[in-house]
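Listed after this line are the structures, all set down as structure tokens.
The two complexes that follow have chain A in common; it is paired with chain B in the first and with chain C in the second.
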Partner chain A sequence: MGRYFRTLRRFWGMALASEVEYRFNLLIELVAVVANLASSLFVLSLFFGDGHRLGGWSWPAALVVLGVHQLLDGLTITLLQPNLTRIVSHVQEGTLDFVLLKPIDSQFWLSCRTISPWGLPPMLAGLAVIGWAAQRAGAPADPTTLVIAGLMLLCSAVILYSLWFLIAASSIWFVKIWNATEVLRTLLTAGRYPISAYPPGLRLLLTVVLPIAFLTSVPAEAILGRATASWLVASGALALMCLLISRWFWRFALRSYTSASS
Partner chain B sequence: MAMISVEGLSKTYRVANKQPGLVGTLRHALRRQTTDVAAVADVSFRIEPGEMVGFLGGNGAGKTTTLKMLSGLIHPSAGRVEVAGHTPQRRQAPFLRQITLVMGQKQQLLWDLPPRDSLRLNAAVYGIDDREAERRIGELAAMLELGDELNRPVRKLSLGERMKAELLAALLHRPAVLFLDEPTLGLDVNAQARVRQFLAEYNQRFGATVLLTSHYMADITALCPRVLLIHQGRLFYDGSLAALSARLAPCREVRLELTTILPASSLERFGTIEALEGRTVRLLIRRDQLTARVGELLAALPVADLEVRDPPIDELIGTLLQQGVIG
Partner chain C sequence: MRRGLRIARVLLSTQYALMLEYRAEIALWSLSGVVPLLMLGLWSQSEAGQALGLGATGLSRYFLAAFVVRQFTVVWVIHAFEEDALQGRLSPLLLQPLQPLWRYVAAHLAEQLTRLPFLAAIVAVVMLVHPQAAWWPSPRALLLTALFTWLGFAVNFLLQTSITMLCFWSERASALDRLLFFPYLALSGLLAPLEAFPPGVRSLALATPFAYQVAIPARLLAGEPVAIGPALAVLGAWLALLLPLCLILWRAGVRRYGAMGA
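On to the complex of A and B.
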């Protein structure tokens, strides 16, 4: 385990060292975060403009959902996108061989190899929105709620990672997979708004087929102290299942790679 | 006990037969037709600890496929492989700690950072502590004559320096078995010699077993007393380099630039015609007859330019196989 932590420290140390060269990016990223957040806030304020409620959610409660979405988007920029989109070039350039010959879990290597600091501003913005909105919505700030909320956020991060990894791993067969991750990111924008705001059919689709409800609305409910035990269990079970599927799928993909590559 | 033992090793690929163009693509999408291509067929050999063995063969002969099966990157279609007491395809950590694979045309060092960063990362991955890692880096760097280059971004290094740093990164965990696929590819003559000298020294100092492929005959002659010759996936020769050279050495390649185009019939009497394209001719002439034959052809033919050299390995092997000299 110590070896993995030491490796992770090296991974991220190296990534930050090569990012220092591009400081101007930070400014652009900050502008993008503010603009993105402002547009979401504007759309949301249109729904609530004359005291309406959206799918049974008050204005500040819906803001918590938006904050969770922002947090996950930051996670995508920080970890998922820079690491997982690289699998394609590893396959194309044949450097996946070097990863497979290291005495370390290849899924760990490919998922944690690098880190991009440019996702931190959106993550901080997301946390700020969540904190402010939760307070306005009168959410309880007791330790139990905080722990449960933290666990639910972790579950949603695991689910999101697993979805990304499944798509990225299929680049072993289909090399042009980058577009599919863009589709995933676009679908996730559906998670900006409370799930109950959508028509029943779409709601079912976003909960059962694509677990978008579990990514934003369920953790938001937990933050607001309204989560029921059954949702918590379902969320944890789904996260575990997604993670196991991603590991199984990677082993399956590698079997195909090692029997077909030349 | 043998360090590497291979028995009846085969690898077959399923290749799609697709006609070119849109029609071909559509037809292929409707009814896939595939053929099985044998990249490696029924290869067997054993390599003892500390041996340096050269792996010879032309492009597509099956060298890289064999090396990848030995390192566990490709699953064999048939046969048995054992390296350092392990089955490579399982890729278990104790096996991976004992081997390394260096590929001349691929690199593991990070482009934007100095090699030292990649070396420290490898140290962490292999669980080598910082002091021990620094000691090993110092030792290998001295052997490779690498100094300040380790602190410069990889993209600013010359090809030779980069290859030396690649070797350092590949050997930091002190593997017992080295698989080297074209480690001198594209290097200039001096850098090639430097890498060769390093490999010989490394083998002596650490007793490592080395299996090396190369396009340059000089690499093999300098390093490997024993060679394996593979052609179209089959092992044709396994034995001392001296014995193989005795069969190969009689021939040298004479490249002629003529002032007029001549038919093959008027060239045959000087040697075996390897290629005849317009006014360019390549002949294989036995070494013991070389001076006499070159004298004759200079007198008899309208020669504009003439060059004598060792023929490329793959063509030589092809010709020898056709003639039934080996195999």
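On to the complex of A and C.
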């Protein structure tokens, strides 16, 4: 275990050092965070003119959902995108062989090899929105709520990781998969709005088939202190299941991996 | 003139053949455009959507039209060009007696052609689920939609190409593309019909190129009223501004271009 932490520190230190080379990007990324937040706030606000509500959610409560989405978006930019989109080129160029030969778990290596600092601004923005909106919505700030909210956020992060990993790992068969992650990102924008705002058919689709409800709405409910036990258990079980599936799927995928030239 | 036609025919047919190779990828791209259909679900359910006065049919038609129109105004030149410039593939293109940007125009047009079958399939599915939303636009509406979609594509292409030219100065110009994406999301009408905007924002959106990527052609296709004269004036002004800008940046950029490794 200690070995994994030491490796992680080396990996990330190196990644940060190389990213700081592109200082011009820092400016762009900061402007992008502000622009992103402003545009999603604007679109969300269109649903709340004249005291309207969205799927039974008030404006501050819906803002919590948006904040959770921002937080997950930051996580995607920091960890998921830079690592998992690289599996494709490992398969294409045959360098996956070298990864598999290393004396370390290959899923861990592929998922944590590098880190991008550009996800931090969206994450901080997301946390700020959540904090402000939760207070406005009158969410209880007692330790139990905070712990449950933290656990739910962790679950949603695990689910998101597993979805990304499943798609990225399928590049073993379909060499060009870059677009599929882009489709996933687009579909995930559905998570900017509370799940109860969608019509029943779509709601079912976004809960059961593509578990977007568990990514943003369920943690938001937990933050607002109105989560029910059954949703909490379902979320935890789903996270565990997704993680196990991603684990199993990787082993299964490796069985049909035949290296680049064979 | 005849030479121009021959070049256009050869460019289009080769690019079409190339795009057909990537049809699975293009199917995924078409799928990633379903956001307007998700938004249709939200707007048709919400109190704010009912207050717009478009009616259920009006909303369905608008968002379905937005979905269709958007497939023909999407521009991705910056990503293709950045890769070509960084990897030095631009150098042989510069030697040919043809402005290399035409090649990218042809690639976009060919890709739109490849999208057609997937587009038809998705529209057919929506029609099956929502038969009451089906309509047949008048020939005049179809012609105007085609004209405005094409003009919108032209403006978008020039706008993106102007930013693309920064690839000559920076290695990561595609990051700038994201800065255009957020105002596009907010103002294009992809996520909300123009009726939902506050009046000030609506006039702002109509002065930017963004509303002409989705909202204006979609309204024409859905049979909603559009002020044709002012729309043409704004598009003409943007074309007159962006075309020279693009060419100036291209000249300056090529002079700076030293190929990779030089």
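Simple rule for what comes next: the second predicted complex is superposed on the first by the 258 of 262 C-alpha atoms of A that agree within 3 Å, B and C clash if a C-alpha of one lies under 4 Å from a C-alpha of the other, contacts with A are read in each partner's own complex, and residues count from 1 in each chain.
The working rule: a contact is a pair of C-beta atoms (placed from the backbone, for glycine too) under 8 Å apart; a residue touches a chain by one contact, two chains touch by 3 or more.
A quick note: this is a predicted structure, and the numbers were derived from the prediction, not measured.
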Query = Does chain B (first) or chain C (second) touch A:S230, or do both, or does neither?
reply = neither
Task = Go through the superposed model and pick first if A:T144 touches only chain B, second if only chain C, both, or neither.
result = neither
Request  = Figure out whether A:E182 sits in contact with chain B (first) or chain C (second), or with both, or with neither.
outcome  = second
Inquiry  = I'd like to know which partner A:V43 touches here: chain B for first, chain C for second, both or neither.
reply    = second
Remark   = Between chain B and chain C, the one with more contact residues on chain A is chain C
Key: Residues on chain A lying within both footprints (that of chain B and that of chain C)   = none
Ask   = Which positions of chain C touch chain A when the two form their complex?
value = 22, 24-25, 28-29, 31-35, 38, 41-42, 44-49, 51, 170-172, 175-176, 178-179, 182-183, 185-186, 191-192, 196-197, 201
Remark   = Per the touch rule, the chain A residues reaching chain B in their complex are 3, 6-7, 9-11, 14, 17-18, 21, 93-95, 97-98, 100-104, 255, 258-262
Ask   = So in the complex, which bits of chain A are touching chain C?
value = 22, 24-25, 28-29, 31-32, 35-36, 38-40, 42-43, 46-50, 52-55, 174, 176, 179-180, 182-183, 186-187, 189-190, 193, 197-199, 202
Inquiry  = Help me check something: in the complex, which residues belonging to chain B touch chain A?
reply    = 13, 39, 64-65, 68, 71-75, 89, 91, 93-94, 96-97, 99-101, 103, 106-108, 110, 112-113, 117, 120-122, 124-127
